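For reference, the structure discussed in these notes is given below.
A, B, C and D label the chains in the order they appear, each numbered from 1.
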Amino acid sequence: MQDVKTEKKEFTPNIVAFCCNWCSYAGADLAGSSRLSYPANVKIIRVPCSCRVNPMFVLKAFQQGADGVILCGCHPGDCHYVTGNYYTRRRMALLYSFLNYMGIEKARTRLEWVSAAEGQRFSAVMNDFVKTVTELGENKRLTDLRVKEGE
Amino acid sequence: MQRIGVFICWCGSNIAATVDVVKVAETIKNEPGVVFAANYQYMCSENGQQLIKQAIKEHNLTGIVVGACSPRMHEATFRKAAEEAGMNPYMVEIANIREHCSWIHKDMEETTEKAVVLVRTAIAKVKLNAPLMAGESPVIKRALVIGGGIAGIQAALDIADAGFEVDIVEKNATIGGRMAQLDKTFPTLDCSACILTPKMVDCAQHEKIDILSYSEVEEVKGFVGNFNVKIRRKARYVDESKCTGCKICMEKCPAKKGANEFNMGLDNRPAIHIPFAQAIPNVAVIDPEQCIKLKTGKCGICQKFCGVGAIDYEQKDTFVERQYGAIVVATGFKPIALDNFNEYGYADNKDVITSLELERLMNAAGPTGGVLLRPSDKQHPKVITFIQCVGSRDSSGCGKPYCSKICCMYTAKHAMLIREKYPDTEVHVFYIDVRTPGKNYDEFHRRAVEQYGVDYIKGMVGKVYNENGKLMVQGSNLIDNEQITIESDLVVLATAIEPEPSVRKIATLLTASIDTNNFLTESHAKLRPVESPTAGVYLAGVCQGPKDIPETVSQASACAAKVIGLLVKDKLKTNPCVAQPDENMCNGCGQCANVCPYGAITYVDKEFRLGGGKTEIRRVATVNPAVCQGCGACTVTCPSGAMDLKGFSSKQIMSEVEAICKM
Amino acid sequence: MKDVELKVVERAKALLASGEVARVVGWKKGDFCFDPSPAVFESVEELDGLVYNWFCGANLSKYLIEISKKEGKTAVFLKPCDTYSFNQLIKEHRINREKVYAIAVECLGKLDVEKIKAKGVSMIEDVEVVEKEVKVATAYGTETLHKPEVLLTKCETCQKTHQVKDEEIILHERPARDVDRFAEVAKLEAMTEDERFAFWKEQLSKCIRCNACRNVCPACSCVKCVFDNPASGISAKANDAEFEEQLFHIIRAFHVAGRCTDCGECSRVCPQNIPLHLLNRKFIKDIDGFYGEYQAGEEAEGKTPLTSFTEGDVEPNDAVDGEAK
Amino acid sequence: MTKEERIENLNRLSGTDVRKCMKCGKCSGRCPAFKDMDIKPHQFVSMLCQGKIDELLECKAIWNCLSCMACVERCPRGVAPAAVVEAVRDTVVRMQGKNGIKAEEIPPIVDELIPQQLLVSAYRKYNK
C-alpha cells in the first residue's frame, strides 16, 4: 500500500546564497565537480566580491520570501581584492545583530568563509544551513509585518 | 523590447543525465523577452557556438543566456562567439546548471525546476545588462621573480633571454636555493653543483637580470601589467660592490660558533661568512645575532683584515621600489620539523638524521668533506636504515596528509651511492609503497635493488631506540608477517617537505589564494597549472605543490612562456565591470575612497546647472577605470546608490534576487 | 535663560551689523513660547524675532549644507549635540568650514511641550526653569513640574560637550551626569525574539512614511535619496508591499550607522512618536561593543567604523548584542 | 546477521573506520605483543575490512593484546587497531551464552585475595 503523500508538502526552505567569484563560487564549483550534494533549494548569486553585497539585497531577499540568506566569501587575508571581506565582516556583523534585535532569528542569516579549494566545506556548510533553516520553519516575520485589523 | 536567446547545454550527459534539458528549454520559451530557446549537446563546441552566432543574426538578438557549466569555465568562449556575431560580449549571461545543479542533485524533477529558476535568474540579469567596452592599461616590460632557487633561476633566464628585464629577489645571502645543498641528483646521478652553478653564473652575468640577494618583498600594490613592488634589502653589513669574496674575514672572525644553516646545522660557521664556495653573489654577510661587534660593540677584526674596506657595521635595511608587469613566485620548500615524531628518536640520537642532512654528509663541501661518517662518533656506519614517509601521507594531524613525491627517488639515489662508494655497508629501506613513476624512474629504483642489493622491506618502523650504542630499529615486515629489529649505525628519515613558511605572507601581499597546506592554489588544476587565479602572478616549483627538479624546471619555463606572452603586449584589456559614479546623485562625502583597496577614486569640484540659469559647484567622485578592479566595496558604502558597478549593478542583483525568490 | 537669549540676540546683531557675517541661522519665535522654528536672519531688524529658550531643540547643522554654499559667511548657534552633527558634515565635505562662524551656545537640556501638555498643563504662556524646577506660567496660574520628567527624550541621556566653537555664549555650566544611554536598548535586547518582534511590529506599523526622520537627520542628507531613485530597486513611496517599513527603517539605520551622532532629532520630529533613536543607538551600542568606543562627530576627519577594519574583527555568526557569543 | 551487518556492527563497536588504513604496518612494527599473536594488529584491520569475521572470532591474539594503545598512538591514518581488537573481544564475550557474572553472585566470592579491579572489570565486561 503506497503511503499517500501528506497533501501539505513538508516545508523546504528557499535559500539565497551570495558567493564571491574568486573563492566561494569556485568552492561551489569544486563541490559540484566532486559531486558533493546539498539541497536543491540553495540558489547561488555570483558577485565579484563579498563586499559587493548590499544589506538592501539581503533584505530584499527576505521580503521576496527567502527563508534564509547566506553570504560566502574568501577567508580573511585571502581576498582577491585585498580588503573586501574585512568590510563585509563588519557590515554583516552589524546587520545580522540588528536583524536579531528586530526579532528575526539570527540563524536565518549566516556568513561563511570558503576558499576555492574547500568543496567539501562548501557542501557541508550548505547542508548544515538548510537543516538549521528547516528547523526554524518558514520565514513569516519578514513578510507580513503590518498589523492586521483585529490583531 | 529585449530580444533574448536562451541556449541550454546538455554537456554530453553531465547536465542531460539529471536535468530534463528539453523541458527547461520549453518552459523558458515563454518567458517574457525570450524570442529564441534551444538546447544542444555541446554548446561550447564549434557547432554549439555556431548555433549561437546563427541565432543572433537570424533573430537579431540583443542578449543571450547560456545554461551550461560554470561561467568560470566558458564565459569567455560564449562572449567571444557573441562578439563575432556582432553582439557586445557583455550582453551574455551564464546560468550554472552543471556544477550548481545537475551534478549535485539527484531527483530529476527537483533539478529541472532549479535549472529553470537559475536560467530565469540569468535572464533577469541579462535584461539589465548594458553593452560594455573593455578598457586598456599599459604593461610594464619587466618581470619579478620571488625566490632564487632553480625554479627562480630557470624562469629568470628564460624571460631574460626573450629580452625582458628580470629582478630576482632572494631571501638568503646567495641564490641557488635548496638544490645547492644537494650532492647528486636523480635520475642521472650527476652532481647538483655542476649543473646548477653554471646557471647561477649565467644569471649573474646576464645583463637583463638583476639579483637582489638578502632581500624580501615588503609590499605589493597594483595589478597585472603594472605591479608596484617595495623590496626590503636587508642590512648585510658588507658592501656588495667592494667585497671580492677573498674570505680572509671568515678565517679571522673569532665568533665561530654559529650553526651553519647551509650544512643543516651539522657544523659551525663564523659570524661573517659566504654560505658556500660557488655562492652568487660571492659576497660575505654578517649574522647580526652572532657578531660580537654588532652585539657588544667590541671586536671589528674583519674590518681590519678586509683589504678593500667592504665591512660597514652601520649598514641599515634599505628599500627599493620598482614596477613590474608580471610576478613569478618560486619560493621553494623546507623539510618539516620532526617534533611530532619522537618515536623515531630524531631529537635524542645524533645518528638519526634527515635525508637533507645525509646529502650534506655525502657532499664534498659538507661537514665531513664527502666522507660518510656518523655525526656522533665520526665512525663509518656499517648498517644504514632508511625510513620512508616520515610525516608524509599522515592524516592524523601530526604530519602532512599529502605524499611528498620526491623521497622514494632520493632514497633510492642515497642507497645506490652508499652501496657503490662503500660496498660493505648494509642498507635497508622500510617503505609503504615505492612511488617512482615516469621515464627512467622505476628503472632507477630497480637498479638500487637488483644491481646494488639494497634491502627494501615492505613495512613500517614503530620505534627507534638506543641500546648500548646501537640504534635498534623495530618495525614490521608485512610480506613475511614478522616484526623485525635491525641493529643500525645510522638511521635516515625521508622527511616530508612543506612550502617555505614565508610564502603565506607573499600570498597575502599578492592576494594569491593558498590552501591549508600552504601550497599556492593554481588557477585550474589541469588546464592552467602554473598561473595563480590572481592575474599576472605565476607559480613555479614546490610553492605550488610537491615536485622534483625536472618538473620544477619545466614549470619555471612554463611560467616564463606565460610571462613573455604577457610582457610582449603593449596594452592589456582591462576588466570593464568597474565602478561608475552618477554625478547627479553623488554627495561627494568621501566614504567610498576610504574603502577602495586600489585608490581608484578621487574627487573633483564640478559645476552643475540648477535650472533658471543658476549653477552650483559640487564635489563629486570620479573613478579611474584603469585602476579600479571592480570589487564593489564602494557601492555599498555609498548610501545614495550613486556609485554602482557596471556588469553587477544593484538593480541587476536585485532582479536576480527577485527571480530566485519567485518560486 | 533670558540672560543667554539677550546675549545671543546681541551677538547676532553685532556680527550682522559689522558685516562679518552675511546671515545668521537661529530660531524664530513661533505663535507660542513653545514652538520656535529654525530660521535664517539676513538683516538686523529681522533679528528682533530671534529667540533662544527652553524649546529650541532643533539641530541647525543640517541647514548649513545648502546655506554654506551661498556667498559670504554664515553665523550659526550650535548646542553641544549639534556640534557633533556639524563635525560629521565637515568630515563629509558637505559644509564648507571657512564659510561658517560657529557660536557654541549654552544648553541645559530642552523641554518637550508634548510631555508638559501630557501632564494636563495647557494655555502655556511662558516657562522658566530654576535648578530641577520648571515653572510654567499659564492662563490659569503657574504650574510647577519636575524638570527630568519633561525633558526631550534626547536630552534625558545627553552627556555631550561642545566640539566646535569660534565663539561661545555659556553662562551656566551644565552639571556632569552619569547616565546609561543604552539602557532602553539593553532592555529590548534582554527580551525574547518574539517579544522584540512584537514590539517593533507594533511600533513600525504606525509609520506613515512621511520621511520627517529622513528630512531632519543631519547624517541622512543625500543629494538624491536611494528611496527616491527608481533605479535603486527599493524606491517606494507608499507601503504597497509587506515589510516596507522594516526595509525603510533598517536600510536608513544602516546608512547612518557609524555616522549617526545620536542627536535624537529623528525621535523628536516623528509624528507617530516611534522611538527611532532606539534603532540608531542599537548600531552605536554594537559598534562600541564589537569595535571599541566610537562617537561620530568628535573629529572632523578620519574613517568611520564601517569604512575601517582590523584583522581580528568578530565573526558575524557569533556577533550578537555587542559581544562575540 | 549477514556478513555486511557483522562488519557494520564491528565497525560501529570499534568506532574506527578501517577503510582509512593504508596498510603501512606501523602498528605491527610497534606492538609489544606481536611475537605471540597468531593474527597481527595490521591483519585485524585488513581482515575486518575484507569481512573475515570468523577467523577473527576464533583467533588467540585478542587475548594477547595488552591494550597499551601504542598502535593507536602511532597510526598515521588515525585508525585504531586496538579498538578493532577490543570490538572483536567484546563480540566473542557476548556470544558465550550469557555466562557472565551476575551482580548478585559477586558478594559470596569476594575475599581479600581477589583484586577489586578484577571483579569490577569482569562484571563490567561480561555484563555489557
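In this text, a contact is a pair of C-beta atoms (placed from the backbone, for glycine too) under 8 Å apart; a residue touches a chain by one contact, two chains touch by 3 or more.
These numbers were taken from a predicted model, which means no experiment stands behind them.
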Subunit D reached from subunit A - shortest hop count over touching chains: 2
Chain whose mean Cα position lies farthest from subunit A: D
Between A-B and B-C, the pair joined by more C-beta contacts: A-B
Mean-CA-position distance for subunit C and subunit B (Å): 54
Centroid distance [mean C-alpha coordinates] between subunit B and subunit A, Å: 31
Averaged-CA centre spacing for the pair subunit D and subunit C, given as whole angstrom: 75
Chain centre separation in whole Å, for subunit D relative to subunit B (CA means): 47
For subunit A, residues that touch 2 or more chains besides their own: 55-56, 60, 77, 83, 87, 91
Numbers and ranges of subunit B residues touching at least 2 other chains: 595, 637, 650, 654
Set of subunit C residues in contact with two or more other chains: 226, 232-234, 306-307
Touching pairs among all chains present in the structure: A-B, A-C, B-C, B-D
Residues on subunit C engaged by subunit B in the complex (per definition of touch): 69, 91-94, 220-226, 229, 231-234, 255-256, 303-304, 306-308
List of subunit A residues in touch with subunit C within their complex: 55-56, 59-60, 62-63, 76-77, 83, 86-87, 89-106, 109-112, 141-147
Sites on subunit C touched by subunit A in the complex: 185, 188-189, 193-202, 204-205, 226, 232-234, 239, 241-243, 245-247, 250-251, 253-254, 257, 279, 282-283, 286-287, 290-291, 305-307, 309-311, 313-317, 319-322
Complex interface listing, subunit D residues touching subunit B: 20, 22-31, 34-35, 40, 42-43, 70, 74-78
Of all residues in subunit B, those that touch subunit A in their complex: 70-72, 96, 98-101, 103-107, 110-111, 113-114, 117-118, 121, 507-508, 511, 513-516, 521, 533-534, 577, 595, 597, 629-633, 635-637, 645, 648, 650, 653-654, 656-658, 660-663
